[in-house]
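In the two complexes below, chain A is the common chain; its partner is chain B in one and chain C in the other.
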Partner chain A sequence: MSFAQIVLQLAIGLSFGLLLFLLASGFTLTFGLAGFVNLTHGAVFMVSAYVATSFSGGGSFVLAVAAAGVTGIVLSILVYAVSRLRWSKLASDELSQVLLTFGLLLVFAEVARVLWEGVPRSLPEPGFVSGSWDVLGVSFPTYRAFMGAVALLIAGALWWVQERTRFGAMVRAGVDDRDMLEATGVSAGPLFLAVFAISGLLAGLAGGIGAPVMGASMGQEFSVLVLAFVVVVLGGTGNLKGAFIASLAVGLADAFGKALLPTFAEFTMMGLVVVVLAWRPQGIFGGVR
Partner chain B sequence: MTSFHLRLRSVRRRSYLGVAVLAAAGMAFAGCGNSAVSSDKSSDNKPIKIGVLLPYTGPFGLYGKPMEAALRARLALDDNAVDGRKVELVFEDEATDPATAVSKANKLLDQDGVSAIVCCATGAATLAVGPILAERHVPQLGPIPNPDGLSKYKTAAVAAPTAGHDAGKLGAYAADQLGYKSAVMVASDFAYGHEVAEAFKQQFTAGGGKIVKEVYAPLGTSDFASYLSQLPDADVVFAGFAGADAIRFVQQYDKFGIKKRMPLIGHGPLLTELVLNQIGPAAEGVGAGFYYSSTLDNAENKRFIDTMKAANDKFVPSHFTAGAWATGSVLLDAIGRAGDKATDGDALAKAIRATKIDAPWGELKFDPATGYAIAPTYYYTAVLNGGVLSHKIVEEMP
Partner chain C sequence: MKRLLVVATVVAGIGAPFFLDVFQIGLVSRGLTWALVGLSVWFLLRLLSQPSFGHAAFFGTGAYTAGLAVSRWELDNIFVVLGLAILVTCAIAVPIAVVASRLGSVGFLLITLAFAEMLRALALRWRTVGGSDGLVGVTRPGAGPLPIDLTDPVTYFYFTLAVTFACLFLLWLVRRSAFGGVLVAIRESEGRMRALGYRVGAYKVAAFLISASVAATAGVLHAYLIRFVSPEDLSALVSARGLIIVVIAGSLLVTTAIVAVLLTFGEDLLSSRTENWLALMGLVYIAVALLGGMKISVSRWLRPRRRSPEAAALELAGEKS
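So, the complex of A and B:
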């Protein structure tokens, strides 16, 4: 593999990894804070991507991404509202969570099929980043660099909220010990609602920003969910820093795996999971529980 | 907790009752079906029933409704009748699933008493239903290119050439007419991708071409970037993708600058009307070998598109709907020639294989040995006119 090829694969892997972080960060937050396995996350991504592609007929790109983000928030709050109906049972029982959210995932996917007739769709990239860079004899689409930069910006904002605000401190406290947090007088309910909304927003933005590359299609609800799971397993539940590193690792493993061993491309990512689980079952950055 | 249990129990009791009612109804229906079959033979004015298995749910779910509309529209043109005898269609959902297709096929046979079954749009479902219909001596008619493997059943026929047939023709055409000496093949890593890649390779190498590299990507790959960046230089790249994968592949092929280096050709679904305008300008100049294109200039294609557009102005013609339309023509023609024997499965199957009609892609007849259609195969490229992409037929491939 030539130097130019290595740089190209790095760029492909990092830009995809950053997008993956947007997708997985919301998933890991609800998982870590509320102990809630939200399988609808993949469907939220897909529906948001479909909403974004509805703006492909000359609409503005910013509007498309914003609409995707709003869709994510609405769907995620809907999931929270449905869960609230039987919260006492769901909160402690992961099997019930999986059953409920899997059902909702199927419902969301079916609604998307009816609305968009199951046809795979695309969103054209905005004009100012529609070209390609030619460096060292290889081409790299400008949009992918833009996508990575936007994802990095959102990740930075998320880090700031998590580490520097009172709200972030409450979320972190909730991840570590929810009972203790409630004992100090912080009600977990509104906190959960906010985390669900943020989680949906992140998934929606990922769907919108990713649409010019990945598009929107049926089946995506499962394929992206698997990716989110891999990141959470690698990074440890509720751990944003872990999710960030894990996303980049998965992005790079995917890029180099496809380039070097195309036949085993699906295996490289799962190979990474097996190695990490054997070495640190709680995830690379997961604390001791 | 107790109230929950109580409720659960009452729900259970109600559902037992429901099952009992359903079972009773099912038996009653089965009875009706049988009597309908037996009385069919005594009277020629009874409608002849044709079962149709299409995917309305599952990954292929988007094709069910448009195909049903095309089949209904074709029969409606002939007033749903052949020589004064009504032809009735019974539609069922095969759910893109072979097991569902089998149980629905049995339902059509036992409860509805159909004389033939149109099946299916999904390759695996088509092959799963094949042996059942062969055993019961009921004709099976495939509406779109189905995988090889139905030839062993005398009752089966497919109103389209196999995917491998068209890809093979493209392989020979690429070597002989387009003058390519070397090719890279990239295809979906499942039955369809391997079938078209193998067929292309065989004919391309037979024509003196050389395959430099073969890459198979998993079904549902959304990012082909890393595969693309590793493609070695060759005269041409052959792609075997369909659906969402086709959109992403052609888009990224352009984005990563490979299109400037090597031309791209593929089997029909890579460029079908359903994906073409979602791909966007990246599709311009890409070539494909296939038996159908909506831009084919013939009377039957015009009649097909005009009829469908009159009912629904947003209709997008594709080989799925054109195939359903041609299937309707085959049924009407074969039932007419079978005459009094149309309810005799073996006679109707024979009549179907002997059919020779005009389909939207030209003359349609069947290979009497295999039951697969013999149809012309065209080479076309995607052209951009005023922001809208369409096919430009180059020629019929020899």
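So, the complex of A and C:
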């Protein structure tokens, strides 16, 4: 692998890692705050990506991404609404959460299969960032850089909300100690709803801006979800900073794995998981539990 | 009541070929392999409180080993294949076990699912094991010293039944053994067991390997039953099936087999009626998650709301003994 190749894979890995962070941060927030394991997260990503590709016929790219974001919010709130039916039971029972969200995942995937006939679809990259850059003799698609930049921007906004607003303070307090937060007079219900909506928005946006690179296809609901899991476990559950570092690591492992061992790409990822968790079982920055 | 249920299940199992047709016998055999997956998940969940969403990895590895054994390596003895499948599965399970058993219950769930999905992605692309087409032309091998012909569906059903009950019995023995006691003690108080000098990590890995071996056995039986191995054997649907069987069946071992067979018949009915049967299965999962445990909450309402700490402690002691 030449130096230019390494730089190229670094760039691809980092841009993908940033996209992955959008997905994983939503998952890790709902888990950290509401203690809810949401397996539908990958399906929300996939359906949003499909919605975005519906705008491929000359529609505006911004509109496509916005529609994907709205789809994400709607689906995520739907998941929350269904779990609200028996929240008292689900809240303390992870196994039931997993069965519930797995069932919803199957329903979402099947609806997507009916609506889009199970055919992989793609979204053309917007005109203003099409083409590619020439870096050290290898070409790097401009859109990937744009994707990474937008993802970084959204991640920055998330960080600002989390660290600098009253709402973010409530979320952080809830992640640390939910009972104490409720005792101070903040009711958890609306807060959970907001966090579910935000996590859906992030997954939807990730599906939308990822569509020109990854497209939308059946099976994504798992392939993407698994990468998000690896990020969450490596970063420490409920930990945004850890999720950010882990996203970049997973993005890089994915890019280099696919470049070096095309058939056995997964081994790089498994290797990363084994090495990191052998070193720090609680995740890079520790976790909620 | 419990004994009666066990006897009834055994009798119904042995008598099944007398009142079911060949197709239904195949379905019951299939249900028994799912019961084995359920048992392997049950073992980790009940003894160590570890919810595995990744037993498809071991089921699939067993199935692939079984398929490759007859189609590539020309092994013609099901016992040899079973042994080999368990060995291969354990080799794959060791790193997963070492990593997963260091995590809490949610981390355990996420990482086992992640590993299983990675193996599936691998099987989809790896041409040597058939890629996305899977392995076709899988035939049933001989049964070694036993004078039986496994190609006969009824014989194969009895073989599956015997293996299922053998695994049931083995897991029951393990649970009652000193080893099982240590596992339960680790579940209840890991720190104390560590302080007592038990090598907690090694116990957890050993339990994981026992569970993976049972899932691998199920994979071998399933591969020879339907004579086909595909990446679908590694999919999350397999792991989810194991989990839902355990959740519906509750703590009783033998109900696992009954629930698994009923679930198989239900799935077959749905998939023969509509091609969107996965969505319907999804609704089943949602219903089980929302409705499960309803009875317990009802009995909780009936109980007096406030109890003194002494009464609660007494009740806890009663539950444990």
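Here, the second predicted complex is superposed on the first by the 283 of 289 C-alpha atoms of A that agree within 3 Å, B and C clash if a C-alpha of one lies under 4 Å from a C-alpha of the other, contacts with A are read in each partner's own complex, and residues count from 1 in each chain.
Heads up, the rule we're going with is that a contact is a pair of C-beta atoms (placed from the backbone, for glycine too) under 8 Å apart; a residue touches a chain by one contact, two chains touch by 3 or more.
Just so you know, these numbers come straight off a predicted model, no measurement behind them.
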Which superposed partner A:Leu95 touches (first chain B, second chain C, both, neither): second
Between chain B and chain C, more extensive residue contact with chain A: C
Chain B versus chain C as contact partner of A:Val111, first or second or both or neither: second
Partner chain(s) touched by A:Ser223 [first = chain B, second = chain C, both, neither]: both
Contacts of A:Val233 with chain B and chain C, given as first, second, both or neither: second
Touching partner for A:Thr263 - first (chain B), second (chain C), both, neither: both
Where chain A meets both chain C and chain B, residue numbers: 113, 223, 262-263, 265-266
Chain C partner contacts - residues on chain A that touch it in the complex: 31, 37, 82, 85-86, 88-90, 93-100, 102-107, 109-111, 113-114, 222-223, 225-226, 229-230, 232-233, 237, 262-267, 269-270, 273-274, 277-278, 281, 287, 289
Touching residues (chain side chain B, partner chain A) in the complex: 59, 61-62, 215-218, 220, 222-223, 225-227, 229-230, 243-244, 247-248, 251-252, 255-257, 274-275, 278-280
Contact footprint of chain B on chain A as seen in their complex: 5, 8-9, 12-13, 16, 113, 117-122, 124, 132, 134, 138-141, 143-144, 213-215, 217-220, 223, 254-259, 262-263, 265-266
Chain A-touching residues of chain C, taken from the complex the two chains share: 45, 51, 53, 95, 98-99, 102-107, 109-111, 113-115, 117-119, 121-122, 125-127, 235-236, 240, 243-244, 247, 276, 278-279, 281-290, 292-293, 297
